[in-house]
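Order as written gives the chain letters A, B and C; numbering starts at 1 within each chain.
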Amino acid sequence: MATRHQNTLARLMVAPSVLLLLAWMIVPLGMTLWFSFQSYNLLSPGMERFIGWTNYQYFLSDPAFWTAMANTLLLVGGVLVITVGGGILLALLLDQPMFGQGIVRILVIAPFFIMPTVSALVWKNMFMNPVNGLFAWIAKAMGAQPIDFLAQYPLMSIILIVSWQWLPFATLILLTALQSLDSEQMEAAEMDGAGALSKFIHLVLPHLSRAITVVILIETIFLLSVFAEILVTTNGGPGYQSTNLTYLVYSQALLQFDVGGASAGGIIAVILANIVAIFLMRMIGKTLE
Amino acid sequence: MGSITLEQVRKNFGDVEVIPGVDLEINDGEFVVFVGPSGCGKSTLLRLIAGLEDVTSGRIVIDGQDMTQAAPARRKLAMVFQSYALYPHMSVRKNIAFPLKMAGMAAEEQERRVQHAAGILNLTDYLDRRPGQLSGGQRQRVAIGRAIVREPSAFLFDEPLSNLDAALRVNMRVEISELHKKLATTMVYVTHDQVEAMTMADKIVVLRAGHIEQVGSPLELYRSPRNRFVAGFIGSPNMNFLEGAAAAGLGAHAIGVRPEHFAMSTTEGAFSGTVGVAEHLGSDTFLHVDLDDGTHVVARAAGEVPVHHGDRIHLTPQEGRVYRFDQQGLAL
Amino acid sequence: MARKISNTSRWGFTILAWGVALLIFFPILWTILTSFKSEADAIASPPKFLFFDWTTQNYAEVQSRSPYFRHFMNSVIISVGSTLLGLLIAVPAAWSMAFQPARRTKDLLMWMLSTKMMPAAGVLIPMYLLFRSWGLLDTRLGITVVLMLINLPIIVWMLYTYFREIPSEILEAARMDGASLKNEIVHVLTPMAVPGIASTLLLNVILAWNEAFWTLNLTTSRAAPLTTFIASYSSPEGLFYAKLSAASTMAIAPILILGWFSQKQLVRGLTFGAVK
């Protein structure tokens, strides 16, 4: 349908978006890259100088980095296992005939709309608090010693909070995918004598595989950058026990004012995210065909 | 007035040449059908006439005026699309009136014309509905109504019946033919269905790979196809082609016989074979016959013929109804 | 298709699903309930579920002790503003990519999406320093622009997937009908595009409202939206459960309602059309 004069107009219409995103990508990222080779501390302005790979050496040899790295992977992996596993089960449940399906859906999806600072605070104070939290009361009611979740199991507690936020997302997407499963296909399988389990393994799971991949990739992108939940609940502590890469970069830069070191960490985070991004882009690119 | 002339019209999409240079004359009031297999360029040719695609080179003349570079609306043509392309957010009335509104016509005149078109197309009761509330046939009529009200110099139809079910397709085919009789306006109609072409056209244009293979009235194409492609494409069921000894005997590379031009006998004939499938329709009988030399042919007999699977049968082509083709597929 | 389902199994699924759903929803329900309690009832042991003295005292106090309303307005201005700004820039782009695709359009779309994958930690420092030197720290303008930029790829993508569903034959029909480009946009395209634009708007307001990396790092008080405001309850005010709950309820209520309206679009929007 294209005629010639319209093409020029089309280019002009795309230009603002492209230029803005180009600037957004190149300028800060370029600066981060530049800083990462500098000795640059906000407390001693005017002392910036080029120091090569020192920041990276420093960052990579810092035990805090490796703790943060492990925490990042544990956080991402833990939340993924819980949300994808739970999401499949929940989606299968919600797909069954029942009364009040619409309301059930609304209740299940709700946590996704809660702002991270609110959910972190609510969980921290009203559930996990060792004195007045609901969990503490349950423990006491059963005659057990209340657990100080955020002090004793900080990372696990954060995984729990983040999973609660992302379980609805996984459920909703898997449910949508489940509902597009051809019912004739299921009936054909039944005619072929397939039981519930073999239908799930041979029909449902393959059908969901694409949606599961999408969930994993998109959640990974967001989970690599979990920040507010840590800031509000544990501040990365005790020690570095609940510090992830994003939080480490934040504390290095804005709490210890070490711009150079933090930038090196930032670049490492970018590389990590890109590995995931490449897979995600391939998946989404296929939908354009 | 509605004559359309194409002079050496060419169209490339990037490096791909879709229309390699077409000359065609469409006279005022004619019903012209572009027919060919999918991908033959028939729709592209129609869209070039409509102005929805730029021509790469060549001229398009409408009513004596060079319209090669003119915007679609200026060509005074109306088009009915395969998907109907109705505006989903407008009522039927507004859909039909849209081109008039765009032309800045007075409201009373718009209403008068909409009522007139709705009357012709049996849409009067549906004017306030949205397209989503209509059946496929009704949507089709709305699309035609939108084309009629403009009183264009020619109508362009792009496979308009392909989304309808078989029964409705037959009805709409008749309706469009009647509309053509009533309006006597030029119509250019694209289809891949040779039955539509045969039943509706004054003039059929057979296309293959962007080339015009033959132009002529339906019976001209039926009686004297210029080549093997046209011979095979026009007529239903398709023409049977025989090669080898039978063809060589007539001095041709291949010979063609239409299913309806075989005489059947249980005792003797030019070709012998075994009946595979016999389709008894009552009015006709179609026999799928495996000839002794391995060729598969279809033969048609009028009425009921008591022949069944496995029977031996002998077929003889009617005198003067054997088409002969050379190595290149051209008719001899 | 129409299967006969025994009533017992239907009731079984109903009870199970409602049980699980209420468990998942419970933290939100508990927050809302607590917001109507006195501070003493809020930490009572055993906890009081429904039988307590209902009071709206906490809502009044949250507002009187802190400029709650200002933070609420900040959230509205920042989330709606960044979304509208994003739409303004994205609509023409998505439009032309959907209707006038060029050979590179797909690559361009993928590249736009890839900018979304850049981790915030990678650009936090330069953004912070640039904002500091430009005087944009803790300003609504600054945070609005940043949120617009991080959501721009999603906006372009969502609009693109919606626009692409408008059949190009309709646009051609409009051109055959004599519509000028202006008329084509006013009478045909815009009415057909409005639903897509509306759901894009909805989803992006939600995303911007809940954004909690840039808002926490680039705003502190004047321009602080509710995310930052609530984070300030971390301690010691967080121990006043009833007031914390009241503030939280007010922060999540509007978006929870918007979210329920947009759950269908959510799947499409967040998976960039990969799951429908």
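To be clear about the criterion, a residue touches a chain if its C-beta (ideal position, glycine included) is under 8 Å from a C-beta of that chain, and two chains touch if they have at least 3 such contacts.
Since the model is a prediction, treat every value here as computed from it, not as a measurement.
Here C is the chain whose Cα centre lies closest to the centre of all protein Cα atoms. Among the remaining chains, B is positioned farthest from chain A, on the basis of C-alpha centroids.
Chain A and chain C, compared by their mean Cα positions, are separated by 16 Å. The mean-CA centres of chain A and chain B are about 57 angstrom from one another, to the nearest whole unit. Chain centres here are Cα means. That of chain B falls 53 Å from that of chain C.
In chain C, the residues that touch at least two other chains are 172. Within chain B, the positions touching two or more other chains are listed as 52.
Residue positions of chain A touching 2 or more other chains: 1. Taken in their complex, chain C has these residues touching chain A: 1, 5, 9-11, 13-14, 16-18, 20-22, 24-25, 27-28, 30-31, 34, 43, 45-47, 89-90, 92-93, 95-97, 99-100, 102, 106, 108-130, 149, 152-153, 156, 168, 171-172, 206, 209-210, 212-213, 216-217, 226-228, 230-231, 233-234, 238-239, 241, 244-245, 248, 251-252, 255-256, 258-260, 263, 266-267, 270-276. For chain A in complex with chain C, the touching residues are 1-2, 6-7, 9-11, 13-14, 16-18, 20-21, 24-25, 27-29, 31-32, 35, 90, 93-94, 96-101, 103-119, 121-127, 132, 134, 137, 140-141, 164, 167-169, 172-173, 176-177, 180, 183, 210-211, 214, 218, 221, 224-225, 227-228, 231-232, 245-246, 249-250, 253-254, 259, 262-263, 265-267, 269-270, 272-274, 276-277, 280-281, 283-288. The touching residues of chain B, counted against chain C in their complex, run 50, 52, 71-73, 77-79, 81-83, 85-89, 98-99, 102-103, 146, 150.
Against chain B, the residues of chain C that register as touching in their complex are 167, 169-170, 172-180, 183, 187-188, 191-192.
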